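Okay, so subunit A shows up in both of these, paired with subunit B first and subunit C after.
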Partner chain A sequence: MTMTQTGSGSTEISLMNCAKSFGGQQVLKPVTLTIEAGETLVLLGPSGCGKTTLLRIISGLESPDNGSAVLFNGEDVTRLPIEKRHVGMVFQSYALFPNMTVRQNVGYGLTTGQGNERLSKAERDARVEDMLKMMRIHELADRSIDQLSGGQRQRVALARAIAPRPRVLLLDEPLTALDATLRDDLRMEINALLRSLGITAIYVTHDQAEAMALGDRIVVMSKGTIEQIGSPEEIYHQPVNMFVATFIGATNALSGKWTREGFVPDGQEKPVATPRSSAFGGNTLCFRPETIERIEESHNADGSLEGTVKTAAFLGSCHRVVVEMPGGQRLTLEGAWASAPAPGDVFKFKIDEGGVLPVWSTNQ
Partner chain B sequence: MQRKTLFYSALALTLLTVAFLVVPVIMSVMAGLTKNFFLGIKSGLTLEWVVQVWDLYQDTIWRSMGIALACLIITLVAGVPAAYALALSKSRWARIFEETLILPVAIPGLAIALALIQTYGGFREFRMSWAFILVGHVLYTLPFMVRSVLAVLSSIPLHEYEEAAASLGAAKRRRFFDIVVPNAMPGILAGSLMVVTLSIGEFNLSWMLHTPLTKTLPVGLADSYASMRLEVASAYTLVFFIMIVPLLIAMQKFGETGRARKSARR
Partner chain C sequence: MKHSSLSMGLLLLPASILVLAFFALPMVQLVITGASGEEGLAAYWSILTVPRHREALIATLVLSLVVTLTALVISTIVGVFLVRNKFPGSNLLVSMLTFPLAFPGVVIGFLIIMLAGRQGLIGTVSQAVTGSKLVFAYSMTGLFLGYLYFSIPRVILTVMAAAEKLDISLEEAARSLGASQWRVIKDVLLPALKPGLIASGAICFATSVGAFGTAFTLATKIDVLAMTIYTEFTLGANMASAASLSVVLGLITWAALFIARSLSGNNVAAAG
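Showing the complex of A and B:
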């Protein structure tokens, strides 16, 4: 892959109190956030959480409510329309121009004179050539858009967006319309591309696996507000609330109550081995399926839990079981165990001490 | 056996209907080419009447073509941007405007012409020029252009193309000429053929709006029916046919390829 530098160097984006209302309803609560130069930031959340609205405000396709400000490297661009912001954008539906060939699509942004860049015809052709080679769509250059597959279209859309060397690359669910295998391949490719370009990128998705794989930082959103901002590891291991814990990865919420000695699950008398109770509250104990240790049935251990295996599956790299606890609650547990558990077996386990998530709910 | 009978009776009915429509056309064309219509073909064939029509009425033919061309230019310049604006706008007013735009099609041409004369008849120079007829034609044909372009623009994801082009630095004018016009081309071509055809054949408005010095082809046709030999009038019809039929065929052809392309995309 050829290295291509962005025209204006990397751009830092600052959002100040960015809010958006439609017809009196605030779909995006005020957001203040800085996206570092060269960073890939993922906006993650279920549909209707405001992530696309935030992206459109950054792009200039949507103007935010009064009192909001969008800064590119300190320059206030809040009132600049998208065509003057010098951003690259990739749309979910690709939005390639059907009246142009692949080559013409990729080159279009070089003809509009944005970013004060005036290229000669030869320079433009060379740039387009580079882009086609980089995205490995060179052999499609003179095809029309309706002769391309979904994956090819997405490559063209990417090439078209980065050809003018934008200050920031904005991607709105670019992989949603593709099938699963293609999605994985392109995801890796986009990742490598963003790293090699060193461009500031904002990527909108509802797919947590995509967010984990691509983001330097992830912004988890719901109902128009930011729930948490952090690295993929932080978001996964230290979710700040139940929404984040359940939206990212699988989470078990074991119900019971906190005592001086620790957490006592429903239907059990002894507390399980957990961190000090003072940091926790509510009446649930949350943990990931894989942060447990399986214990031999004969072996006695303090703070262990046991239940009956309801379903068991071998996933290749690990086993996954659904275990019914004495209180009737079901938990999903995973691990690479020597012996395969079978439905009806007694399953004895211990929750890893560091595996308890710092979240709880009180409304059970 | 029964199917065969059904087929042949349907065929017979179709041929009969076609004959009912085509025979008058042939009669009319023949009348324009025979020496004496009352004596029939045996009086001999001649181009004399066509030449006479050309001598007497060629100004109406040129005028009609001129008006049609001017009408086309105006409906293109006004209609395509209007369709673009209507396609982009989600407001209720845009929908109301779209509905009012087709009013001239529904209102009888005579009524429109009368209104134009009442309002602008006092402007002598204007009243006496062919531009007066042109205004009527534009009023009448504009909805066809707008509708035709709008239909195409509504069938494509115009908003997305717009946003993509804008993100690539294209301002409104560039987007219109680079993206909107090329993608609306099937509608623009269909609309253009429609406008030219309607303008050339328009009679109601033109008849009310014309002056003896600004006769159009159909007005001249009516005039020749009323005052000339039947042969001359028929030769005039023949000339009209020669002008209008290629346009109609082009329209038909174009509609077909448009449909074929649409179904291929599905």
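Showing the complex of A and C:
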């Protein structure tokens, strides 16, 4: 893979009080955030959470409300339109020019005089060749766009976006339109590409697996506000509220009561988790499906829970069961167990102390 | 198989009779009449050899071409603007702009007379202001305005339909790559509108070449082909000449639509 440097080295992006209103309604509440040079930041959230609006403000396609500021390496670009910001952009719909060949698409950004870069014809051709080779679309160079598959189109779109060596690469759900296997392959490829370029990248997605795989940091958004910013590990293991806990990964929320003795599930007398001062008064215990220990039915252990297996599936690397608790609540549990549980079986387990998520109540 | 092809033949019969009676026969008759005059088949060359016919042909082609190009430019700008910007009254404006579609050519000619004729609005105002009456309804300018008036609606509707379907992210992508406003228009917008512009331009051209009503109302001093045909058989009673000119007129409009169809890949229907 050829190394390509970005135009002006890596760019740090600062957002100060960036808000956006449409027709009197604030779809993005004020956001203050710094994206470090060379970092890959993922904006994650359900549709309508404001992630695309934030990306469009950074790109210059949308201008933020008064009082907002966008800085690239300290330079105020808030009022600079997108064509002067020198950003690379990749769209969900690919947005390739249908009247141009693959080669012309990739080379387009080199013909507009962007970033005050004046390249000779030979230099432009060489750069396009590099990009085509790097994205392994060299043999498609003279094809027209409608002869390409979805995956090939997105490679062309990526090559086109990075060919002018932008200061920032902005990706708006680039894999959403692709089928699952292709998505995984291209995701790994984009990851490797971003690492090798060392470019500051902002990646919008609603797919948490994509966010976990690509982001140095993830910004979880909902209803126009940031819920949490953190590394994938932090977001997964230390969610700050119920929204983040349930949006990222699978989460079981066992209802009961946090008392001075610990957590007592509904319909049970003995606590199943040690007390936590911050949890006192809360009414749920949240944990991931895989943070449990299965216990032999005959075995008696403190703090164990049991229910009836409703469905059981073998996923290859582990088993997954849905267990109905005495109160009627259903939990999803996973593990690599020696014997396969079957529907109707009694399933006895214990929640790992370390697996209890720091989210206590559904009232948030 | 034999049975079914027989019944197919029977089913096709009414259509065949219809085509024969109302289309092929008059067409053949027209072509024969065109060659029935004193000069025979040479009548078909009269459009180039007779100065009056040649001038009418050139005037018609130049006028139609200028009308088509002007209509395309105006309609593209207005059509794209109207699709991109919704404002109070924009729907009303669209229906007003497309209103002339419903008018017969005579009415459009009359409107131009009302505007720039001897008793027209412009004449009255110019006399009051400068002392001399500005009258251009009966000139090439008047004809141009009239043709433009009925051409714009046809093109605007096509442009608006095409502009509705434009993928806005294509323009955003071009801008993200540093393209100026002009480059976006040249590289993204116009190529996307091209099939629609060719199709509606061809219709516009063909309609202008064949337009009679407006010409009949206004073209007292100028000869366009449709008017020449009319005078040939009414005043001159020269059926052969009128027929041969009709065939040529038909061929020109057919060729315009044919070329447009092969260029745009779309179906181009004749109109007017």
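Simple rule for what comes next: the second predicted complex is superposed on the first by the 354 of 364 C-alpha atoms of A that agree within 3 Å, B and C clash if a C-alpha of one lies under 4 Å from a C-alpha of the other, contacts with A are read in each partner's own complex, and residues count from 1 in each chain.
To be clear about the criterion, a residue touches a chain if its C-beta (ideal position, glycine included) is under 8 Å from a C-beta of that chain, and two chains touch if they have at least 3 such contacts.
Just so you know, these numbers come straight off a predicted model, no measurement behind them.
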item: Superposition on subunit A - do subunit B and subunit C clash or fit; value: clash
item: Contacts of A:T259 with subunit B and subunit C, given as first, second, both or neither; value: neither
item: Partner chain in contact with A:Q147 - subunit B first, subunit C second, else both or neither; value: neither
item: Subunit B versus subunit C as contact partner of A:T32, first or second or both or neither; value: neither
item: On subunit A, positions contacted by subunit B and by subunit C; value: 59, 61, 81-84, 86-89, 91, 93, 95-99, 108-109, 112-115, 160-161, 164, 170
item: Sites on subunit A touched by subunit B in the complex; value: 59, 61, 81-84, 86-89, 91, 93, 95-99, 108-109, 112-115, 146, 160-161, 164, 170
item: Residues of subunit A defined as touching subunit C within the complex; value: 59, 61, 81-84, 86-89, 91, 93, 95-100, 108-109, 112-115, 160-161, 164, 170
item: Residue ranges of subunit C in contact with subunit A within the complex; value: 167, 169-170, 172-180, 183, 187-188, 191-192
item: Interface residues, subunit B side, partner subunit A - complex; value: 156-157, 160-161, 163-171, 174, 178-179, 182-183, 185, 265
